[in-house]
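The letters A, B, C and D name the chains in turn, as written, and every chain counts its residues from 1.
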C-alpha cells in the first residue's frame, strides 16, 4: 500500500495499468481524455502488455472492445458524455453477448447546449442497456471500483460502467491509497471469458439473427444475469474489504439508523451531503444520507431496508429525466418503496446540471424543505435545486 | 498461388448448406469462394446485411468458422478488436495458431454507414482482410439506393419515374478511396472470375497489414434478372469493363484480368430489370452517358497501370 | 424438421450458436420452384465449375468427382446448368 | 464543516502555473500525512486568460466536493489581475491574502481596500523567478510565501516533497531547472513581507 495524490482520471488510469488488460480501444473526449492519454503513456513505456487500439470514434471503441472481449481478451475503455452516447448502439450488444468489459466513464452532461461539465445524464442514458453501473464518491472509490469491476464483470459475464463526476473528481487531486501491482493482479485473477471466437477448432457463431421464436428467451436470460449480480457484487466487495480494508456495498448508509429524514444521492455529492448531515446532527437533527453506488443492478432490497421507517426522503438526481415527473433515481426509489408498508414521504430534486456547483447550503435547503413538510407545509413533489427562476 | 478446385473441394465448405439466401444469390457465392480460399483457420466478422441475416437464423448457422456479428456499421471495428485480442493473447503465449481475420460487409455496411469504421481500421494497420460484397444497393431492407448503386439504376429509393429516370448520381469509387489509405493491398474482383478472386483472397491473406477486396456480387432480386444468370451477369460486368479486375499493391495499380475485347455496356444493362427504363427512346442517351463514363474510367485505370502508379 | 424450441434456461450463454454448420438441419430443398438440376454423368468432365458457383454448397463432390446434387438444399437457381461449359447439367421439371 | 479545513484559492493566468502550484502544494501536504484536494476551475480559457485553482487541506479525510467560495487563503500570481478580478471575493476576517507584487503589504491593503482582520502579505515573486529561474514563473516562489505565512506544512518537508515532484515533472530537462526552482522557493520564503 502506498499513499499518493491522484485525480480520479489518474486513479482510474493507474488501476488500468495494474489490471494490465489485454486490449484497450479508446477515443479521447473531455473530461476522460486524460485516462486514455495516461494509459497510452503506460503502453509506450512498456509498463503494460496491452494492445492499445486508438480508434476513430467511440462507436468503434465500443465495437472493437466487444470484438476483443468475444475473442477472449480482458478489455477496458474510457469515455464520457457524447462518447458514451455514440457508443449507445454497441452498448446494448455487449451485455446481450454476455461479454465482460469495464468502461471508466467520467460523468459529463449531454448536448445541447454543449457543456463539458458534470451531471449524470450520459450514464442515465444507458440505464437500460444491460451494463452494471457504479457511481463513485471520490478518487479512492474510483480506483477501488475499477479493480472490483474487473472481478464482478468476469463473474457475472456482464459489462460494467464505473463512473466518476466530471472535473469535481476527474480533475481534482486527492489522497488515495494504492495497492501494490501484485495485490491487484492477485485480486482480479486470471481472466474469465464465456467463449472465444479465436477457438478455430470449435467454431461458434456470435451475434446471430433472432426471430420471434428465440429473441424473448435470450433477453430473459440476459435479464436473469443482471438479477443475479447483487450477491456477486457484494461478495467481491466483501473480499476486497477483507483484504484491503475498504468496502462500499450496493448502497452506503450514513447516520441512517436513528434518522427520520434522509437524502438519497449518487456520486461526489454524497460526500458533501455527509458533511451537511454532520453539521445538522450537531444541532440535534435526525438526518442521514443514503449513497447509491450501484444504480444497475438496481439495489431494491437494500434501498427498501434502508428507507423503511424513515419519514421524509429527498432523492437527488443529477440528471433531468424529461419524463414530466421526476428523474430516474427518484422514480426508481419511489417505485421500490411501493412494496413496503411504512413508506416515507418522498420528494425529488433535480440538481447540479451542467456542472452547477452544489454547496453545503444547497443540501441544507433540501433538509429545510423536508422540515417544512414535517411541520405541515406543502412543497412540490419534484423540485429544482440551484436553478435561477 | 494457383487455385485448384479439386484440391479445394477436399477441404469441405466453411459456408454450408441450409442458409436462407435467395436462389442464385451472388453474395453467398462471394462468401463461399472467399472462405474456400482462406481455409479453416479463419475468423469472420460480418456486418448486418443479407448475408448476416440468411446465414445465422437462430438456432442454425451456416458458418463452420468462428463468426461474429454485432452491428451494421462496425464490422471493421469489430474485427480490429478481435485482431487486437489475438495479438495480445499471442504475445502472452495464450494462443499460438496463425489465424486469418476477415470482415464481410455489403455495400451498405461498407461504402456508406460503415465507411468511417473501415477507414479507421485501414489507417490503423490491423492485420485483417475486409471483403465488401458489392451488390450495388441495400438489398437486405428491400433494394434501396446506396453509394454503390450505378448511375441510372432503379431502386426503391431511386425509382425510375415519369420525371426522374432512376439514380442520377454516379457510384462512388470505394476501391480507390480505400487505395488512397496507402495500405499494402487493395483489389477489385467479381465472382464469375473465381480464379482471379480467390487468388486475390489468398494473396491478400499472405500479406501483413490491412487489405481490402471489393467483389461484385450480383443480386437477382434487386437487379431483376433470372436466378440462373448471376454468374453470367457478374462476368458481363467484367467484360464490359464496367467492373475492371485489378489490384493496387503497395500503391501500384495492375489490371489482373483484361477482357480481350470490350463488350458494350448495353449488353450488361439489358439483362437487368433495374435498367429496363433506360431502353426507352427518351433515355437512350443515359446509356451513352454510362458507356462514356465506363470508357473514361477504364482509360484512367490503364493510364495508372502504364505509369506504374 | 421442426426442432423442439428450448426455454430460456436451456440456451447457451450470450445467444451464441455453438454447433457449427447447424443450418444443415434446415432443409431448403423445398424452395425449388418446380425445377431441379440433373447431371448427365456421361458428359461431365468434373471441371467442378458447378461446385465453385453454387450459392448453396449443394453440389456433391467426392474424390475429385462431381457426384450430383444435395436436393435437400438445392434451391433450383439453375446457375450450375447455366454455367456448365459442356451442358452436362439440365434443369428438368420436378416430379410430383 | 470540519473546523480544521483550510481552503485556498490561487489566481493566475493560463500558463503561469497556478494549477501546478496547487497540485505541488497538495502533494506536499499529502507527504506530510494530510488529506487534500487540488483542482483547477475548468473553462474554455486558453493561455493568458485569468484562471483559478484551489486547494483543500485537512488532517481528516475530506468529503466536501463543492466549489470553494470562502477561502481562508488567496494567492495572486499576477498583479495585473487585480484591476479586473475581485481577488478578495469570499475572503473573510481571519483570512490571508498573498500577492505577487513589488509593492508593500500596506500599499496593497490601501489599493484593494482590504478590510481589517484580513492579513496581507506581498513578495516580488516575478523578480525572484527572473533572478533564480530566469523566467517569469511566479508559481514556485509563491509556494515559498505560502509556507512562510501559513505554517500549514513543515517547510523542510515541503521542500523535500516539491523537489521530488519537480524532478519527476522535469524528467529529461537540464537538472539545474529543479535546483533553480528550489532556490526560488527558498528565496521567496525569506523575502515575503507582512505588515508591521
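Here is the rule we use: contacts are C-beta pairs under 8 Å (C-beta built on N, C-alpha and C of every residue); 3 or more make two chains touch, one makes a residue touch a chain.
Values in this document were obtained by computation on a predicted structure and should not be read as measured data.
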Between B-C and A-D, the pair with more C-beta contacts: B-C
Innermost chain, where centres are averages of C-alpha coordinates: A
Between chain D and chain B, distance of the C-alpha-averaged centres to the nearest whole Å: 64
Chain A and chain D: spacing of chain centres that average the CA atoms, whole Å: 35
Rounded Å distance, chain B centre to chain C centre (Cα mean): 23
Averaged-CA centre spacing for the pair chain D and chain C, given as whole angstrom: 80
Contacts with 2+ other chains: residues of chain A: 97, 203-208, 210, 214, 218
Chain C, residues touching no fewer than two other chains: 6, 15, 17, 20
Shared interface positions of chain B, touching two or more other chains: 56-59, 61, 63-65
Those chain pairs that satisfy the touch definition: A-B, A-C, A-D, B-C
For the chain A and chain C complex, residues of the former touching the latter: 96-99, 157, 194-195, 202-208, 210, 213-214, 216-218, 220-221, 224
For the chain C and chain B complex, residues of the former touching the latter: 3, 6, 15, 17, 19-28, 31-33, 46-49, 51-58, 61, 64, 70, 72-73, 75-79, 81-83, 91
Sites on chain A touched by chain D in the complex: 3-5, 7, 31, 116-117, 137-138, 165, 167-169, 171-175, 268-269, 271-272, 274-275, 279, 357-360
Parts of chain C lying in touch with chain A, wherever the complex brings them together: 5-9, 11, 13-18, 20
In the complex with chain A, residue positions of chain B that touch it: 40-43, 45, 52-53, 56-59, 61, 63-71, 73-74, 76-82, 84-89, 91-92, 94-95, 97, 99, 116-117, 119-121, 123-124
